[in-house]
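Each structure below appears as structure tokens.
Next, two complexes with chain A in common: one pairs it with chain B, the other with chain C.
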Partner chain A sequence: MLGALAGRLGAAMATAVLSTAAVFLLIRAVPGDVVGEMLGQSAGDRAAEGALRAFFGLDRPLWQQYIGWAGDVLRGDLGESWRQGMPVAGIVGEAFLVTLQIGLVTLVVSLLVGVPLGIVAGVRRGRWPDLVVEAFSLVALSAPVFWTGMVLLIATSTWLGWSPPLIYARPGENLSDNLESIALPVLALGLLQAAAYAQFARQQTAIVMRQDFIRAAIARGLPARVVYGRHLLRNVAIPLVTFAGVILVQILGGVVVVETLFAIPGLGRTLLAAIQARDYPVLQGALLVAVLIALLVNLLVDLLYATIDPRVRGA
Partner chain B sequence: MNRRARIEYGLGLGLTGLLLLVAIAPSLFAGAPDSVDIARRLAPPSAANWFGTDETGRDVYARVVHGAGTTLGIVGAAVLLAALIGGAAGAVAGFFGRLGDMALSRSADALLAFPPIILGVVIAATLGPGAFNLILALGIIYTPVFFRIARASALGEGACAYVEAARALGHGEWAVLLRHVAPNVLPTVLLQCVILFPLALQIQAALGFLGLGVPPPTSDWGASLQESRNYLTSAPWLSIFPGLALLAAALAALLLGRGLQARS
Partner chain C sequence: MWTPSICRRAALLGTTGLLATHGMPLAQGAALDIYGPADPQARRGGTLTVAIANEPPNLDPFHQAGDARTAVTVLMYQGLMYEHPSGEARPLLAESMQISPDGLTYTFRLRRNVTFHTGQAMTSADVKYSYDYIRDAGNGSPGAADFGTIADITTLDDHTVVIRLSRPNASLPMTLTNRFGSVVPRDTFAAANARARLSQQSVGTGPFRLAEFRPQSHIRMARFPEYWEAGQPHLDAILFSVQPNAASLVQALRNRRADIAQLPRPQDAEQLRDVPGLNIGTAPSLRQNSLDLDGNFAQLRDVRVRQAIALAIDKQAVMQASIGGHGTVLGTTVAAMQDSWGAPLNELATQRPNLDRARALLAEAGHAGGFALDLVSIIGFEWMDPAAVTIAQQLQRVGIRLNIQRVELGVWLNAFRTRNMRFTFNDWGTQPDPHILYYRHFRSPPQGADFRNWANADADRLLDQGMETSDPAARKRIYLDLQKLMSETVPTIMLFSPNLVTVTQSRVRNYAQHPTGWWFGLARAWIAA
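And now, the complex of A and B:
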């Protein structure tokens, strides 16, 4: 178990190194850098350009730049923003917390909505509850998530006369303002992920419902509460818990676009702003966080799976 | 396939056919997408302009119809590009294994570590706007997915008895791969094209919405949604209809993919 864990951890680290290196090269491989962006009008002044490049370390070979950056990261230093002069860890960390809050709330919402829908659809396969859930999930899965957000904005402002506050509030500052800011993003993302959850729960429920022990339980005349509450739920729970990891990673991806629509200062907006300004340290820091989170969640899912289901251990 | 699955599949086929027709021959369905008529700017949907008009008085219906070719063309080209490169590399890696397989697999893992939309944003923003760059960005995102699918498939096929038999008959390794294994990997890759299409479409639309897609005045559904942001409440039809088109296209591919999966 420990050996397998170390192996997985090692593989995840190797992947993180490779993917950050790939991104590092990619963003530097294209013409135009922070120097050109900063000099603007006075671009073409060779001496000034050279001095700035040397200052940012852009005159060194790419591999030296990467080793230097990776070394700093391992020492816990993400560097400083080239445009704002503030530590990257602070900028990215603050933005990440904003995104994480939305992600976690969305996860809870989609779980609470999607799982019951999926289980009901799976138990009543082919009947009208199944049809309704299927129709809902197909449409929700097909709609672009930012468009769902736009439609929600239009609907709430037209019919309810309500629109989210223009300026994002942190949960620590003012909780009710904060909830108003994140309500629509959570709803838009939640509809999509609830649909994904419902589909998965329906499929898993259908698989368990076909098992002999369910038929046996029904044949023994056990009340529905016991059959569904005990026999079905226990067996569906494991895949549903692990699926939460998949959903969380998807939410953290999807939130990038939704943040832009709702002007929320999360990881996605930080990423976009850093790209536009060619602020490499912030960009690399934000991408590092994104990759590490995805890898970490996947690792946790595997661990959780092994803990809940003893059959998986050692496999 | 039961009755409901057949209906779903038929619906998917019909919708796909219609969208393809619109994408290939938009002039059958609507007039010019660029004719400006300032006098009729931001007009709500009416008999003359089914989907209303935009801020320069262009017909939204015509722009949605003409956007089909752009949007679906870009996504289709990107998925095919990824299938070609990723599929070929995956089949070769899975069949031959060894060091090349390991190097390619690690690279694929590295790309797959990113949430696809984040990778898309980074690549599209660094390459700059434009249809070709968008195809490239989407292609890079989905190449590792096809790689994995084709690799797993080739790995499985490679262990089959017919491969052993072909070897015993004295065929070279490449001949076995191309003539015997590849034809069996191909259906899996083609099915994956349909399955990935709606996902790639969402990302294409998102990039367009972020302003990283096709530059104006070309009509593209995602780009139209970006242009509509300033008129969300004053002219909601600008946002509703391009989004519905995206929804319809994703739904068509989703239904088609499920039908094909159920049949195979």
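And now, the complex of A and C:
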């Protein structure tokens, strides 16, 4: 168990190093840099341009820039934003909390909606509850998040005369404003993920329902509460937990679109703004955090898996 | 809504006329004729919410050229002069300006009761520090080139600054306005983290100071209680909310979440026309949506090809396709400068479509069978897509087949900076002065950057003369000649200026639009109960 964990950690570290190096090189391969963005059409003065490039260290060779950045990261310093001059750790940390809240609330919503739907559909396979759930999943899974989001925005605004607050409030600042801010993003993402969850739960339920022990339980005349509550749920739970990890990583990917659409200052929007402005330190810091989160979630899922399913423990 | 009226007399007096001889004494405490008209009924108080679609990357008035930055920093930072919509530079932190007869020495008397947001009183040493800082190219300001004619700056006493030039520059007063002419306390940039601090704290003299800047979310400004104009401003606070796109601005206005917004797509006004409680203000702007023709690129090297392209384009149709009727078709200057500095369109060459002449020119140039050409369009500039399709159809009629290439802004800026523009759309603005509009873009290096590789010696001569001539009538004649030259040799085709459209809720009073599109008017606006 410990050996396996160490192996996983090692692989995770290697992934982190490789992906940050790739990001570092890729973003620099894109034409344009922060100096161009700052100068805009006031460019033309070579001396001023050179001075700015030196200020950001862009005049140094690539490998020196990467080693400098990686060294700072290892010392726990993500550097400063090239746009606002604020520490990257603060910018990324704040943005991450915003995204995390949306991610977790969406996960809970999609679990609460998707799992019961999926189980009911799985148990009543081929009958009307199954068909309804299937229809819902098909529609929700086919619609891209930006489209769902836009439709929600237009629908609430034209029919209810309501739109989200202009400015995102943190939960600690103003909870009701915060909930208003995240309502539509959570709904847009949640519909999609609930559908994904329903599909998965339905399929898993169907598999377990065909197993001998369920048939035996039913044959023995056990009450439905026990058959479904104990035998079915316990066995369906394991893949569902694994799937939560997949879903959470998917949600974190989907927030880039949703945050931009709904003006939420989370990790996705920060990332996009950093790419547009060629703000390399923020971009690298934000992606490092994103990569670490994805790795951490996967690691946690593996551990949880072992806790729920005793068969995995020795492996 | 107040629309800037361009007074021909004032404009012809140019940037120097009245001020040079008389100065402009003003009663202490009276609201100046800046930022918009004073409103005797104005009441104090309230927070105004502004929805904006372009977030400023930062709030540093020295190192950031972007219009999004200037639009908001004009409320926190002030220059010695103010770019009055009439086209004149008027005293702001200066009280008066004297120019020596040879046009080389400018003497500024400073206002005495000006306090920085840091609490210090402003003196001539701060002015000297600020302008010495920006003109030193080693400090990396995009504004450095504009200050290039300054030879030295001295202080006669605490309230007198003398700027000596190496050659006359009639647009110096306009250079000292609010884009790059901000005055900050001396040694502001001496601290290691100075640039970062400007995102957390403002150090200017303006009517509002920075309260909070949260990137990707909002900027909050608070009334500066020690502001030098007594009784100004009226608003307690301004909240700039950053929205993702033009459609969200429209929604924010419709749902009353925003008090005011400037529409990035002027044609969106049509969606709001019937919404009760909204006022729609329209004004001509200093921006231009144009086509640039790189004199070093492919067939465009031949002036006849450039003329043929100009003659094949119907600007009115392009504007209709791009923004409906919400703009002004241009000749060779921007809409808000047409009355003061522009050549009448009927006196310019290549302004009206003439397909026969265009085909003849192409045949002369050896392209009787037509040719294929790439047109560069920038992703994110919505007007360019319909314009590109329209222009492709128009050029097809004379045998030029356009391939439309869409590139990212960063890529485009790179090509622009390295003078590799090819055949491209452009979207840019100016301050209301012809030297600032034309010089850097069209003067050959090293004095200018000649981004379009025009390499026109006559233009260089006119641009230098225009810079050095302070007599307004003579100056205007020079820029008319320059514009004729532009229309004949076509380094650029200015298509149209989109209107500035600002929409306000009815409780917002006395907001005046400025032709730059910057938020100056909020310094005079107030909220009705």
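The criterion applied here is as follows: the second predicted complex is superposed on the first by the 309 of 315 C-alpha atoms of A that agree within 3 Å, B and C clash if a C-alpha of one lies under 4 Å from a C-alpha of the other, contacts with A are read in each partner's own complex, and residues count from 1 in each chain.
The rule we apply is simple: a contact is a pair of C-beta atoms (placed from the backbone, for glycine too) under 8 Å apart; a residue touches a chain by one contact, two chains touch by 3 or more.
All of these numbers come straight from a predicted model, not from anything done at the bench.
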First (chain B), second (chain C), both or neither touched by A:14: first
Which superposed partner A:235 touches (first chain B, second chain C, both, neither): neither
Touching partner for A:153 - first (chain B), second (chain C), both, neither: both
Which superposed partner A:254 touches (first chain B, second chain C, both, neither): first
First (chain B), second (chain C), both or neither touched by A:101: neither
Which superposed partner A:47 touches (first chain B, second chain C, both, neither): second
Which superposed partner A:138 touches (first chain B, second chain C, both, neither): first
Contacts of A:27 with chain B and chain C, given as first, second, both or neither: first
Shared contact residues on chain A - chain B and chain C: 30, 153, 157, 163, 260-261, 276
Parts of chain A lying in touch with chain C, wherever the complex brings them together: 30-33, 36-45, 47-49, 51-52, 55, 80-81, 83-86, 91, 95, 153, 157, 161-163, 165-168, 260-263, 265, 269-270, 273, 276-278
Interfacial residue positions of chain C with respect to chain A in the complex: 49, 51, 55, 57-58, 63-67, 137-145, 193, 195-200, 213-218, 239, 241-244, 248, 251-252, 254-255, 257-258, 408-411, 413-414, 416-417, 428, 440-441, 448-449, 451
Residues on chain A engaged by chain B in the complex (per definition of touch): 14-16, 18-19, 21-23, 26-27, 29-30, 126, 131, 138-139, 141-147, 150-151, 153-154, 157-158, 163, 249-250, 252-254, 256-257, 260-261, 268, 271-272, 275-276, 283, 287, 290-291, 294-295
Touching residues (chain side chain B, partner chain A) in the complex: 2, 4, 106-107, 109-111, 113-118, 121-123, 125-128, 198, 202, 205-206, 209-210, 222, 225, 228-229, 232-233, 236, 239-240, 243, 246-248, 250-251, 254-255
